[in-house]
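Paired with subunit B in one complex and with subunit C in the other, subunit A is shared by the two complexes that follow.
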Partner chain A sequence: FTTSLLLGTTMTISSNHWIMAWAGLEINTLAILPMISKSHHPRAIEAATKYFLTQATASALLLFSSMINAWQTGQWDITQLTNPTSCLILTSAIAMKLGLVPFHFWFPEVLQGAPLTTGLLLSTLMKFPPITLLYMTSPSLNPTVLTFMAILSTALGGWMGLNQTQIRKILAFSSISHLGWMTIIISYNPKLTLLNFYLYALMTTATFLTLNSTKASKLSTLMTTWTKAPALNAALLLTLLSLAGLPPLTGFLPKWLIIQELTKQDMA
Partner chain B sequence: MDLSLVLNTFTLLTLTTLSTPIIFPLLSDSLKNTPSTITNTVKASFLISLIPMTIHIHSGSESLITLWEWKFIMTFKIPISLKLDFYSLTFLPIALFVSWSILQFATWYMASDPHATKFFTYLLLFLIAMLTLIVANNLFVLFIGWEGVGVMSFLLISWWHGRAEANTAALQAILYNRVGDVGLILCLAWLAYTTNTWEIQQLNSPHQTPTLPLLGLILAATGKSAQFGLHPWLPAAMEGPTPVSALLHSSTMVVAGIFLLIRTHPLLSSNQTAMTTCLCLGALSTLFAATCALTQNDIKKIIAFSTSSQLGLMMVTIGLNLPQLAFLHISTHAFFKAMLFLCSGSIIHNLNGEQDIRKMGGLQKMLPTTTSCLTIGNLALMGTPFLAGFYSKDQIIECLNTSYLNSWALILTLLATSFTAVYTIRMTVLVQTGFTRIPPLTPMNENNPAITSPITRLALGSIMAGLLITSYITPTKTPPMTMPLSIKITALVITILGIIIALELSKLTQTLILTKQTPLYNFSTSLGYFNLLTHRLTTKTLLTGGQNIASHLVDLSWYKLLGPEGLANLQLTTTKTITTLHSGLIKAYLSSFALSLLIILMSAH
Partner chain C sequence: MAVAVVLLSGAPFHGGCCRHKVFLSLLGPLLSNSKLYSSYRRPGAEPKKKLSWQNADFSFKKSIDHLKTQLSLLTKETQDYLQGPGGHPLSQHVLEQTRVLWQFRSQEDLNKWVISSDVEIGGKSKVYIKLGRNNQAALLYGTLNTEVPRDGETKYSGYCSMRSRPAVGSFNRKKYYDWSNFNSLYLRVRGDGRPWMVNIYTDPYFSHQKDDLYSYFMFTRGGPYWEEIKIPFSKFFFSSRGRVQDNQHPVWLDKASFLTLGLTIGDKVDGPFQLEIDFIGLLNDRAHREEFAYETYDKN
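Up next is the complex of A and B:
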C-alpha cells in the first residue's frame, strides 16, 4: 500500500495534464483507505468512509474544473488554468482535499479514526499533491477567496484545538491552522508556501513519531509518558513549541516571512 | 575708636557666647551643662548684645560680615554672611532678653523633669537657629535657620512624647511648615535662576517681579507664621511645655515668616497682587483666629489663638507696605506674649496641671504678682494707650484706616481687634476675678524668684518697649499724622466696645445657664471646622480613592475583565460554540461543502 501511495504522489507531482493529476490523486485515495481502516474498529471504518466520500467529491470537482477549462480554452495544461470559474472550483476542490475551512469538517474525525502512523501519512504525504497543484496554478487563483479561507482556517484551527483532549484531533486542527498560513501567501510568494509546508511536514513527522513510540493518543496518556522516555518527552516539548511557532524555534520562520510578505502586499 | 569694629566684634561675641554651652561639653567631660549655666550664658549674651544695638542707635551704622564663601558652582557663589542692620541689631537683644527670662522661668517650671538639661540644650539650639535666621544676609543662611527652627520646634513640642496628642501636634507642626517651605524653595530657585544671587541687598528689582515667587514667599510665611490655610499647627503646638510655647510660638519662631517678608520687602512692594494677597490673608487670619479664641476654654489655647491673630495683623501691615511697622509690632508683641505665656505657665503649675479657665477663678488674691502681670500683658495686647502694644497696634490701625486699600480687610481687622478685647477680658475675668472654682486642696506658691523676676522683667519690657523703640528709630515711611478724630480713636473705641461686651457675656457664668449649641458657637469651638475638614476629609477621600483604584480598577476590572482572564474567557466561549458545530454527521458536512461551493461561485460573479 505504501508503494501505491508513493506511485500516486509521484504521478500527481510530475504531471502536466489534468487527467494525470486526477489519476494520481485517485490512486492515493484508494491506497490509503485500507490503511485507515486497518484495525477494523467501527471508528476507523467510519473514518475511512468519511475520508472516501470527501475525497471522492473533491476529485470529482477537480475533474469538473479541468473539464470546464478544457471546454473554454481547449487545453489540459495544469499551469494554463485561465477560466475564472474553473479556478474557483479548483480552489474549492483542493481546499476539500487539504482540509481548509469551510471544507475541513472531515479532517479531525478521520485523523482520530486512523492509527498514528497512518495519521502521519494523512497529514503530510497526502497534503503534498494538492499543494503542488496549488503551486502550479498559483498565478491564476483568486486571492480573495484564498485569503478568506486561510484566515478562517487559522482562526478556527486555533479555537477548535483548545477544546480537545484527543491528541490526534489537536494535531488535525494544528494542521488546518498551518494550511491556513500556507494558503494565504500562495498568491504572492508561492515559494514561502512550499517552505512552510516542508517545515510543517518535518515538525509534524517528528511529533507523530514521538507519539507513536510512546503510544500516547490522549492528553491524559501524554502526561505519564515522561516515565517511559524522559528525553523523548523533552524533545516533544520543543517540537510542539516549534509547531506553535515560537520565535527561537524553527516554526517561527515561515510565520515571520509570511507576515513580512503580506505587509509588502499591504494586507497584514 | 572704630565703631564698626566694635559693632562687629560684639555681635560675633554674642553669637559665640551662645554657642559655648553646645561646644564645651563636647570638649571635655568635666564641663557639663546645667539649666542655670545655660540661663546665665543667655543672660551674658543679652548684655553683650546691648552694645551693638546702642552703637547702631547712636550712629546708625550697619555692617555686613562675610565669614566664608561656599563656591557651589563657578557662577553662583553663596557667601555665608551676616547682615547687621536695624532689624537684626534691634531684634537680637529683644530675642535674647525674652529668652533669658523664659529660661529663668523654665528652671522653676522644668525643675521636676529628669531631662531638664536636655530641654535647655534644645531651647538653646532653637535660639541659635533663630538668631541665624535673623542675622542672615542671604536667603541660604536664612533657610538654614528656617529649617533649624522647624526641627527644634518638632523636638520641643513632642517633649512629653509619651502623650499621643503631643506627637500628633509635633507632626502637624512639621507638616504644615514643610508645605510652607515649598514656597520658600520655589522663591529661592527663581532667584537663583533669574538674579543669580541670594543676597538680600541685591533683591531690589527695578520693575515688577513676577507674582509666582512672591506667592511662594507668602506661602512660606503662611506655613511658618500660621496664617489661615496652614494654621492648625499653632493651637496644637500648645501640647509642648509652657516655656516652649513662650519661646517658640509667641515671640520667635512664628515671627520668622513675617521676618522673611520684611527682609524681602523690596521684591514684594512692586507687585500689587502680592501685597493684596498679604492684606487679605492677614485680615482673614486675624479674624478667624480671634473668632476661634472666643469660645476656647484652655488658657494656653486662648493665648495661642491670640498669637495667631496678632500674626495676621502683622501680615496686614506687610500688605500695607509698612515693613518697619510690622517689625515694631513683632518686637513689642514678643514682650507681652512671652509674659502672657509665662504667667499662664505659673498658673498652670500652681494649679497642679489645670488648664481649663472654667476651673480657675479668684486667683487675684492667691497669685498677686502673676495676675497683675497677666493683666498688664492683656492690656498691652489689646492696645491700651501708652503700653507697648499701643505704639505698634494703634499705628497699624490708623494706617489701615487712612489707606485707600481694600475695605473688606479693614472691616475684618477692626472686627478682630474688638474680638481681641473680648476674649482677653473673658480670660482675665474668668481667671482672676469672681468666685474661685479650683479644687480646695491646691497649695499655691509664687514666691520663687525664678518665677517672679522673669515675669516682672517682661512686664517692665511690655510697658517700656514701645516707647523706647519708637523714640529711637527713624521711620522710613512717614506715618499719617492728620486724620479725622473718629478714625484716630477707632481702635480705642472698638476695644472699649469689646470690653463692654465681654463683661456682659462673663456674667453668664454666674447665672448657671447652659450655653446653647448654636451654629455660631459650634463654628467657634470647633475652630471653624477647618481642622476636621482638612485632617479627616481629604485624607479619607484620598485613601479610599486609592483603595478603590487598587482593588476595583486594577484587580477586578483590568486583570479580570479586560486583561488575561478576559481574553481567556473570550476564547472559551468561542471554542465551545464552534465545538458544537462539529457534530460528526457526514451528511451535514457534505451539505455544508456544497453550500460553501455555491456561495463562492455566486460571490465571484
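Up next is the complex of A and C:
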C-alpha cells in the first residue's frame, strides 16, 4: 500500500494531463483506505468510509472540471485551465481534497479513526498531490474565493481546535489552519505555499512520530510521557511550538514571509 | 389504469355512494401511510392515530418560548466552550479520576431515563421506576414474564430495561463527551440477586452500525447492603442485533456522542425483580491495566 501511495503521488505531481493527475489521486485514495481501516474497529471503518466518500466526490468534481475545460478549450493540459466554471469547480474539488473550510468536516473524524502512522500519511503525503495541482493552476484560480476559504480555514482551525482532548483531532485542526495559510498566498507567491507545506510536513512528521513512539493519543496520556522519555518530551514541546508558529522557531518563517507578501499586496 | 376506469364507470350501477369506496379500495394501499411491505401491527405496539406531521404544534407563543430556551442553551454552551472541555477547566479534565454521570435525587433525574419491556413486542412483563426512600435512589421494579406472545414469529420474550436518554444540546444537536480518561464504569446499586446486563450504545455515524452494542453482566448480591460494582470498559463485548460477534474490539470512549447506557434484565426467570440505583459514574482505576479482555484476531 505504501508503494501504491508513492506511485499515486508521483503520478499526480509529475503529470501534465488531467487524466493522469486524476488517476494518481484515485490510486492514493484507494491505497490509503485499507491503511485507515487496518484495525477493523467500527470507528476505523467509519473513518475509511467518510474518507472514501469525500475523496471520491472531490475526484469526480476534479474530473468534471477538467472535462468542462477540455470541452471548452480542446486541451487537457493542467496549466492551461482557462474556463471560469472549471476553475471554480476545481477550487471546490481541491478544497475538499485538502480539507479546507467549508469542506473540512471529514478531516478530524478521519484522523481520529486512523492509527497514528496513517494519520501522519493523511496529513502530509496525501496533501502533496492536491497542493501540487493548486500550485500548477494557481494563476487561473479566483483569488477572492481562495482568500475567503483560507481566512475561514485559519480562523476555524484555531477556534475548533481549542477544546479538543484527543491529540489527533488537535493535529487535524492544526492541519486545516496551516492549509489556510498555504492557500491565502498561493495566488500571489506560490513558492511560499510550497515552503510552508514543506516545513509543515517536516514539523507534523516529527510530531506524529514522537506521539507514535510514546503511544500518546490523548492529552492525559501526554501528561505522563515526561517520565518515560524526558528528552523526547522536550523535543516535542519545541516541535509543537514551532507548529504553532512561535518565533524564533522554524514554523514562524513561513508565517512571517506570508504576512510580508500579503502586506505588499495591501491585504494585511 | 384501464381497470380503474372500467370499475369507476361501473360504479353508478351500485349507487353514487359506492364510487368513493371503489376508488379508495383500488388506491388504498398506495394512499395509506403504513409501510409498503407490511401493514401488520405487532400485538404490543400502539396503533398510530396521528401522522407525524399532525403532531406538530404551530403555536407562535410556544415557538418563541422554545427559541428562547434554545438560545439560552446556546449561550451557556458558548460560555462552557470558553472555559474548557466539557465546560470544565483543562486541569480538571486532565486530573479527574472519577465523575458522576447520573444520580437519582429528583424526578428530573428520573426523566433522563426511559423504561421499556417486552410489552412492545407483545409480552407481559411489567416495569416501573420511581424514586426510592428519602429520594436517595431510583427504584426500578416490576415483574418478568417469559410467556412468548403468540404472533407466529416471536420465539423468546421476557425482558425489561432502563435506558438513558441521549444528551442533546441546543437546537437538538448531539452532545459529545470524552470519557477516554476513564477505564471503568462505577455503579452503586442494591439488587435482589438477579443478574443484569449493562449495555452501551455508542451512536455510530453510518446506518449499518446502528445495531451495534457493547454489553457486560452485572451480578447483584441481594440483601440489605449496598454494593459498589466496578465494570471495566475492557470487559464489554461487542454484539450486533443481539448476536455476539466473532471480531471483538474494545469500546472507544473518545467520542461518547449520543451514548446510551442501558440496564436490562432477561434472565429467563419469571417473577418480580427490583433494583435500586444510587448513582452511576466513571472511574479511572489505575490498578486496572487490561486493555481488552477478549482475543482480537489479526486479519491479513
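What we mean here is this: the second predicted complex is superposed on the first by the 268 of 268 C-alpha atoms of A that agree within 3 Å, B and C clash if a C-alpha of one lies under 4 Å from a C-alpha of the other, contacts with A are read in each partner's own complex, and residues count from 1 in each chain.
Heads up, the rule we're going with is that a residue touches a chain if its C-beta (ideal position, glycine included) is under 8 Å from a C-beta of that chain, and two chains touch if they have at least 3 such contacts.
What you see is a predicted model; the values in this text were computed from it and never measured.
**Student:** Between subunit B (first) and subunit C (second), which does A:W71 come into contact with in this model arrangement: first, second, both, or neither?
**Tutor:** It touches nothing on subunit B or subunit C.
**Student:** In the superposed arrangement, which partner chain does A:T57 touch: subunit B (first), subunit C (second), both, or neither?
**Tutor:** first
**Student:** After lining up the shared chain so the two structures overlap, which partner does A:W256 touch, if you call subunit B first and subunit C second: first, second, both or neither?
**Tutor:** Neither: A:W256 stays clear of subunit B and subunit C.
**Student:** Check whether A:H41 is in contact with subunit B, with subunit C, with both or with neither, and answer first, second, both or neither.
**Tutor:** second
**Student:** Tell me which of subunit B and subunit C touches more residues of subunit A.
**Tutor:** Of subunit B and subunit C, B contacts more residues of subunit A.
**Student:** Contact-wise, after the overlay, does A:W106 reach subunit B, subunit C, both or neither (first, second, both, neither)?
**Tutor:** A:W106: touches subunit B, not subunit C.
**Student:** Classify the contacts of A:T49 with the two partner chains as first (subunit B alone), second (subunit C alone), both, or neither.
**Tutor:** A:T49: touches subunit B and subunit C.
**Student:** Tell me which partner A:Y198 touches in the superposition: subunit B (first), subunit C (second), both or neither.
**Tutor:** In the superposition, A:Y198 touches no partner, neither subunit B nor subunit C.
**Student:** For subunit A, give the residues common to its interface with subunit B and its interface with subunit C.
**Tutor:** 49-50, 109, 162-163
**Student:** Touching residues of subunit B toward subunit A in the complex: what are they?
**Tutor:** By the definition above, subunit B touches subunit A via 571-572, 574-576, 578-579, 582, 584, 586, 588-590, 592-593, 596-597, 600-601, 604.
**Student:** Across the complex, what residues on subunit A touch subunit C?
**Tutor:** Listed in rising order, the residues are 39-43, 45-46, 49-50, 109, 112, 162-166, 218-220, 223.
**Student:** Where on subunit C does subunit A make contact in their complex?
**Tutor:** Touch list, subunit C to subunit A: 81, 84-86, 90, 93-94, 178, 180-181, 204-206, 209, 212, 247, 249, 252, 254-255, 299.
**Student:** In the complex of these two chains, what residues of subunit A are touching subunit B?
**Tutor:** Residue list for subunit A touching subunit B: 49-50, 53-54, 57, 61, 84-85, 88-89, 91-92, 96, 102-103, 105-106, 108-109, 142, 145, 156, 159-160, 162-163.
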